Every structure is written in structure tokens, then in C-alpha cells.
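What follows is a pair of complexes built around subunit A, which joins subunit B in one and subunit C in the other.
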Partner chain A sequence: MTGVVDAETVTKRYGEVLGLNGFSATFGAGITGLVGPNGAGKSTLFRLLAGQLKPDAGRLTLLGHPSWGPGEFRRRVGYCPESPALFDWMTGNDFVTTLLRVDGFSRSEAAERSARAVAEVDLTQDGNRRLRVYSKGMRQRVKIAQCIAHDPELILLDEPLNGVDPVGRASLSALMRRLGSAGRQIIVSSHVLYEVERLTDQIVMIANGQAIAQGDLHRIRDLIDSHPHVIDLESADPRALGRALGAWDHVVSIEFPEPGRLRVLTRSPDTFYAALPELVLTEGLSVRAVRSADDNLDAVFRYLAEGRR
Partner chain B sequence: MTGALGRLGTVAWLSFRGSLQGLRAVGLAAFALMPALIVAAIATAHPSPAVLADAALDLLALLVLPIVAMVILLVLAVGQFRTEIDAETLVYLSDRSVDRPTLVVGKYLGAVVAALAFVLPAALLPLAVANIGGGTIYAANVIEAVAASAVLATLAYAGVFLFLGLATRSALLVGLLFGFLWEELLPLLPGDVPRFTVIFYLRSFLSDNVPNGPLAGYPGAIAAGSSVVVLVLVALVFVAVASVAFRYLETAPEKETA
Partner chain C sequence: MSISAPRYVQGSVPRVGRPSRVLAIVEREFRRRATWGPIFAVALTWFIVVLEVVVTVYFATVIGGSVSAAFESPYGSVIWVLLLLIVTATVGAGSLADDIGSRAITLYLSRPLRISDYLGAKASAVGAWLVIAGVGPGCVAAAVTAALGYVSVSEALAAAAGCVAVGLVLAIFFTGIALALSSLTRKSLYAGVAIFGTVLSVTVSVGVVWGITGNGTLLYADLLADVQSIAEAAFGQPSPYPTDPVASAIVLVLTGCVLALLAWWRLSRIEVVGE
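Moving on, here comes the complex of A and B:
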């Protein structure tokens, strides 16, 4: 195999629990989506690629180097972890600049690159605020800024759109497309196929620690479309948002499970995700976060996983 | 680009600043003031200047070095790795091109300098209070020896606890056992057993440098210079072992999310 990232029967255990179970896949150039439900092994794979974990068995390389172990090649890799944890006492600018300095950039170059990266993720205005006051979306963006600031060849983004508001999602998706078209190799994980699909048609699907499908997006899409899709939203005014969404004919039902939240069942998630940002902007509605529930995807993944046995 | 020293300095500066943030730093500062407050409380009873002077030095050997300095170093040095692994922030450093021994040494230096901001006042303020409250004037060599013992305690305990933070997920508990059982009980045993503790060399150093007063009562069989060598060696060995351990350590938090 000669991909940007090659995995050959990689296994990783957490005690009795299998994080990856003989995972084999090749991630080529451009943007590749790693899609699977929560607990499928996506973050384990990213942690292995980031050198945080050591494979128990198998072979995992990135840019031709073994994933486990130190090396200057790490400067060619950018990693945006799933966890929202940051050095909360730092400012956004300080965070990105300091990590560049750790990577060996001079003070002036680090400051220059940091300013550029922070601007790329639309955080310039908030760059001098402490990270502890950042919203979920801002935290995701500053994590991406530190990940791209050193201009890496390979960018690893673990659930980068999780918890980001619709406008932020559109902006980050556009950033990822820009990076991809600028020749960066990107692996982006998500449990929402629709998010990844708008970025790339190269998909690796993972379930139960194994790669269950690669590339064949249309077959997977057909399967998923046959299941109604559950989407959770957070809003300051869920009633107003619910009224607006209720007018869409593909929306099957709307529930208000708890204050500040609503759950939408839609037959056409594609249309939903595409139209939501415009609705929010034109109607002036509040949407703080959008999440896709896993239930419907789980059924598809189970189907695919069982089909392989 | 900057070299290894620039990266080391950045890691140390990051660790130093991180160590002085939040309620933890406020708590440590309050803890570090405790010996001075005790001396101030004694001073309110108007003892003779000699009694107050001896009380301040006694506190150094009985409270400041084995308890106050030890606890401050435990919190700060263990936090350099274990707390960051659990908080999932270590990844921002460990996935960089900087080599792992540089990270360990940088974090050690950051922790040492941050700890000195607490340990030095904890050691020296009681003497200042004795001076203000009782008119005691300590000789320069006494003040230098007290300051040096605080620095040596910081160097040695920081090395031990930094290593513990990498070696075990229960570093705080193991560190407390080390501090309150190993360091407190072994010095009470006969023979050469006390030589296996850090506090033995700290007290020997003080005893050799301050031969008059309460500190003279501690075992001084080892010359101050030898004590310094042993304590610096303890620090170097533990930092070296921590560097080796960190090369092979998985730094993801222990949980089953996959």
C-alpha cells in the first residue's frame, strides 16, 4: 500500500475493550472522510496516528513513517483532537503561537503564522480573549488553527464540526475544502455522513473497530436515505425554530425533549443541512448547536458490518 | 526556526505559566504562608528572641521542607504530565515534532521555577517574621543555607514527583504515601535506613551549615557538599528515568471511548 496513511490489520485494545480490531485501510491524497458511529474506533485511529497510542498489532504509517515514535516528520502533520480541552488560561493567539514555538518556529515567524491561522478560522476578533470564555464552536476553530498554523502536509481532524453552529459549520467546511484544493491531505472524521459527503466522495467507513467500506459512497447513501434521520438542535428560542422547521415538508416530527433543545425527524437530511444556515440567517433564528443522533446510522452500520461476516 | 534550547525554553515557560494559574495556585500560596503565620502566632506570645529564632528554624526542618515543600512539589510536578493526560491537553505538545526528553526537561524546569515561587517564601518568610516580631537577626550564612535547602528540596522532590506523574495513574496517592510514610517514617529508623530519604540529606545539609541552634540536632554525618551532590543526583536520575519512561508512554487518557 502507498497511501498518505496506510493501516494494515491494526489492533488496539483498552484492557478488555477492542478500540480497533484488525483495521485495514488506505487513505489517499486529498480529503478522505472517516465515518462511523460513536464508539466505532475513529478517535482511537486518530490517537494512534497522532502518536498518543501504540498499536498492539499490525502496521500503521503516515507519510511513510511509523505512527508510534518521535520524529521531525510530525512537523508535517497537524492534528485537531476531538476533545474540547484547551489550555484555558491562554488567549487564542497565545495558544497557537506557543505551539508553533514548541515546533521550533522563531518568535516572529510564530506570531505571523499564528495571526494567519487565526484569521483563517475567523477568530481574529476574539484572538486576544481567554480560551476559557470561548464557545464550543470557537474552541473547535482555535483547535483547527493550531492544527494548520505550521502548514502541515497531512491534516487530521477528529469530529471538527461537532457542536459548531450552522454558520460556523459552513465556514469550517469551506476552510477544509480550501485546504484540500490547496493540495493538503486531510482525514476528517464524523458520525454524520452528510457533513463529510459535502467535503469529499472518498469515504472510509468504520464500525466495531474495522473498516467496513471504502469509497462506495452511493450504496451507503441509498441505505442511509431509507432511514428517517434524527437531528438535535440547541436554541435560545426552540419554539420559534420549531415553527420555522415545521413548515418544511420533509420534516416528519419535532419534539422538545428539554428546555433549549429540539429534536427533528427528517426524511431528507441533505436538504435539511443545506437549507438550515440560510433559514437561520434570513429568519434571524438562534441555533447554538446541531447534532446528528446516531440511531439511524447505527442501523446502517450494523447492516454493513453484518454483511461482511 | 529555533533550536532545541528555544523549544526547551518555550515548554518550560508554558509549564511555568500553567502552574501559576487558577485556584490551585491560590491554594498553594495560602499553604506556603502557613509557616510564617505559625511564627507570627508564636510571636504574639512575646517569647524571647532566641526562642522565636529557634522556632522559625525548627519549623523549617519539621514543617517547611518535609511537608509544605513536599506537598507543593507533589501538586505541581505531578500535574505536569498526569493532570494534562487526564485533561487531554498533553496531546497539543506530544504530537509536535519536539522530542519527548525535551518535553520532560522543559516541564521539569517550569515546575521547579513555579514551585520556587511558593517554596522560597515558605522557607524565608518565617525568618522575616521572627526578625520583625522578635528582633532576631539571622547571620547571612543561615539565610543562605535556608534558601539553598529550599532550592535543593524543590529540585529533588520535583524530579521524584515528575517521574511519579508519568509512572502511575495514581501519582497523587503514591506521592502522598512517599511524602508522609517514606519521608516521615524512614528517618525514624536506626542505622543507614534514613539515608534512603530525601529529607535526610536536606536536614544534613542544614545541620552542617547551621551548626548552632535547633538544626544542629539533626544527623550531620554527611558533609553539606555531599548532601548537595546526592540531592542533585536524585533530581537528575529521576528526570532521566522520566524522560526514558515518557518515550514509551501512551498519552491518551484511559477511557473506552473509541
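Moving on, here comes the complex of A and C:
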């Protein structure tokens, strides 16, 4: 494996609890989303990459270096932890400047870079306020500022949009895309799947401490074609529509969750979508709305996670 | 023609060396501890030491007593050690515990920094406070007495040297204790209580055992006896204890260094686990 980050059967235990359980994945160039529910092992992987945890087994490298232990290569890495803990007695500017100085920048260079990074995350006006008065969203943004201020090659963002307001989310997402298109390698984790979907097509899906799928989102989407796909329909006469759809081989089940609604499980969503208009026209059926309940990463994850059990 | 995604490579920016990186943490840590508690404890130490030295030296010159004994007077008392203990607890208890407890230590250690650098920075910040409290007032008192004409400049310089010797030894010892106990917990309150508890319980119990057994070797484990013995020697006064002042100083300095090593060992094995 020759990715920016390579993980080979990495295992990390917290006593009896498995944080990672033989996790194997390769993270390449550009933005890669690490997607999984809470407790899946995302933050454990990030802490391993940040050198804060030692793998119990397996091999984990970033930029070609083992993840555990100190090293000068760490100045090529930016890490934004999930924890909201900061140095609360400092101002936002002091915080970023101090960490830049620890990275090895001179006092003046650190101050200059700090001002730039704080501006990138729209915190210039609040840069001289103490961190203890920052809101959760502002804390997230200042964490991102310290993470990108030294122009790292590899950026590790653990749940970076957590707690950020919608406007802030949009601007931080745009910042991540900018960094990604400038050639930075970014690994961004989230349990809110649509956030990752908007940032990148490259994802690694994690559940129960294992990588359950990785690669292009659309390819992963193809993997689930064999699973029943949920489609919700609204109709003036759902019973008649249900009778007609029940004749199709690929329809697994039909439910009526509430009046005027129909939920169909099909093994072939493409065939379903192709044939539905003709059926509606020829049979004179009423269809007011068609909605795929599975047309997002959440469903992909659910299918894949369930498929491995 | 092929199109490939750009790959960013970090440009070469001149970077400063490890000492400058460590200094950044020292500065921040020193300023962080400049809160009312430590400032009050340090101010009180200065007030008591300077006042006591100036007054006793004045009376020594008036009634013809020993000037050296007058300079030594605050360092042989329990109050001075207690004040430095308060400074240690207020400044040092949270030095590592706060960062470990909040997991903000991650922000430092995910950078190109060794644990020894981080620990050295923390030790320097705590040590600086202790030097200010332990060495500063004695030197200032010596300067004041010389300025007031109570003693000659050479006597004042000798007294200042004595203050530096006693103050530095105790600063090293207390810094080691603060780092070791602060590294063992995630709560600075626990570390503060442990600093007081450990020093006082060891000192009191050794004093009691010495009183019963009369074994003089035990006094090397008695902080008050060690400090008094070193202070008497530093100011050229006879010691009431059967211990060797040089050996006492070595015991305190070595204990401080071993405790700092313990903190390093603890940090090097620490894993920053989240909620």
C-alpha cells in the first residue's frame, strides 16, 4: 500500500472494548471521508494517527512514518481533534500563534500565519477574545485554524463541522474543498453523512472498528444493488398502485405506512424507476410524489453494515 | 494527455530550533499560572521574607547580633517552607493534570515535540515561579539592607548567595514533586491535595519516628530538617541537626530529579483517551 495513510489490520483496545478491530484501509490524495456512526472507531483512528494512542496490533503509517511516537514529520500534518478542549485562558490569536511557535515558526512568522488562518475561518473579529467565551462553533473554527495555519500536507479533521452553524458549515466546507483542490490530502470524519457526501466522493466506511467499504461513493452504491431499496410514493389511491406494483418480480414487499402513502422494497431500483412512468400512464394510476428513502450515504452505510453481520 | 490531481507539498520555511519551540510553551504556561492564588502566595512570601530579614538585620546591627543569622532567619522557619508549598500547589498542581484532564495535551503532542521537551517546558514554568518565590525575596532583602546601610555590600552578596543556594535546592525539589503528582491525575485539585499531603505526612511522620528512635539518618527524609540544615550551612550558622547539609542538598535535588523522571515515564506511557 502506498497511500498518504495506510492502515493494515490495525487493532486498538480500551480494556475489554475494541476501538479498532483489524482496520485496514488506504487513504489517497484529495479529500477522503471517514464515515460511520458514533462509536464506530473514527476518533480512535484519528488519535492513532495523531500519535496519541499506540496501536495494539497491525501497522499504521502516515506520510510513510509510523503513527506512534514523535517525529519531525508531524509538522507536515495538521490535526483537528474532536474534543472541544482548548487552552481556554488564551485568546484565539494567541492559541494559534502559540501552536505555530511549537511547530517551529519564529514569533513574527507565527503571528502572520495565525492572522491568515484565523481570517480563513472567519474569526478575525473574535481573535482577541479569550477562548473560554467562544461558542462551540467558534471553538471548532479556531481548532481548524490551528490545524491549517502551518500549511500541512496532510490534514486530519475529526468531526470538524460538529456544532458549527449552517452558515459556518457552508464556509468551512468551501474551505475544505479549496484545500482539497489545492492538492492537500484531507481525511475528514463525520457521522452526519450528507456532510461528507457534499465534500467528496472518496469515502472509507467504518463500523464496529472495521473498514466495511472504501472507494468511490458511486461504486459503493453499486455494491448494494442486491439489497432491497426503499422507495416511498404518494398517491391518491395507494391500494390500486400497490396492486399494480405487486405484479413486478423485483418488488419484495409493499407497505402502507400512512394514508396516501406507499413504501416499496425493490431489488432493482433502476428497473423500477424506468418502468414506473409507463405503468402510471397505461393503468391510469395516481402518483403525486416519488422519493427514494435510500438515496444518501446513510442508507449505503446501513446496508453495508447490516450486510457484514 | 493525462490529467492528474494536484498534490500539495509543503514548502520549506525556515524553522526555529527545539529550544525556541519549548520557550513558546514556557511563556504560555508561566502566564497561565499568573492568577490571583499564585500571585497572592508569592506576594505574601516576598512580604514576609523581606520584612523579616530587614527588621532582624536592623536589630542585629543595632544590638550587635549575628548578621548572617539574621539573614538566615526566614529560611529556618516552617512558614517559609509552607509558603513555598502553597506556591507549588497553586502553580504546579495543574501543570500536567489540566492538560491531561482536558486532553488539550493532544494539541501539543501531535506536533513535532518530544515528551521531554513538553515536560522541560512545564518544569521551567513551575520552576520559574518557585525561583521567584524562593530566591527573589532573599536577594531583594539583601539588596535593601545594603542600600539602607545596615550591612556592607560583601555581606549582602554573601547573604544573596545563601538565598540562591537554599531557594534553588527547594525549587528543584518542589518542581519534581509538582510534576510527578500532577502527571498522576487528571484533576489539579487532587494533585494539589496530594502535594500538601505527601510533603506534610512524610515530614511529620519522619519527625515523630526520629523523636522515638533518635536515628539521625531518618532526618534526610524530613524536608524541614533538610532545609534548615542547608540554610544554616549556607549562612554559616551551626545546625541543630546531626545531618550533613551537603548530603541534605543532594537528597533534595536527587529526589526532585527522580520525581521529574517519574513524570516523564508516566507521560511517555499516557494515551489520550476521549470520553
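We adopt the following convention: the second predicted complex is superposed on the first by the 220 of 309 C-alpha atoms of A that agree within 3 Å, B and C clash if a C-alpha of one lies under 4 Å from a C-alpha of the other, contacts with A are read in each partner's own complex, and residues count from 1 in each chain.
Quick note on the criterion: a residue touches a chain if its C-beta (ideal position, glycine included) is under 8 Å from a C-beta of that chain, and two chains touch if they have at least 3 such contacts.
Please read these numbers as outputs of a predicted model, since none were measured by experiment.
The superposition on subunit A brings subunit B into a clash with subunit C.
Of the two partner chains placed by superposition, only subunit B is touched by A:17; subunit C is not. In the superposition on chain A, A:86 makes contact with both subunit B and subunit C. When both complexes are overlaid on chain A, the residue A:130 reaches neither subunit B nor subunit C. When the two complexes are overlaid on their common chain A, residue A:288 makes contact with neither subunit B nor subunit C. Look at A:77: by the touch rule set out above, it reaches both subunit B and subunit C.
In the superposition on chain A, contact is made by A:183 with subunit C only, not with subunit B.
Within the superposed three-chain model, A:98 lies in touch with subunit B and with subunit C [touch as defined at top]. Within the superposed three-chain model, A:41 lies in touch with subunit B and out of touch with subunit C [touch as defined at top]. Contacts of A:151 after superposition on the shared chain: subunit C is touched, whereas subunit B is not. Counting contacts by the rule stated earlier, residues 14, 43, 47, 50-54, 70-75, 77, 79, 81, 83, 85-87, 89, 98-99, 101-106, 109, 146 of subunit A appear in both its interface with subunit B and its interface with subunit C. On the side of subunit A, the complex with subunit B involves touching residues 14, 17, 19-20, 38-44, 47, 50-54, 70-75, 77, 79, 81, 83, 85-87, 89, 98-99, 101-107, 109, 146, 209. Residues 14, 29-30, 43, 47, 50-54, 70-77, 79, 81-83, 85-87, 89-90, 94, 98-99, 101-106, 109, 146, 151-153, 181-185 of subunit A touch subunit C in their complex. The part of subunit C that touches subunit A in the complex is made up of residues 5-11, 13-17, 20-21, 24-25, 28, 31-32, 102-104, 106-115, 271-274. Against subunit A, in their complex, subunit B makes its touches with residues 1-3, 6-7, 10-11, 14, 17-18, 21-22, 87-89, 91-100, 247, 250-252, 254-258.
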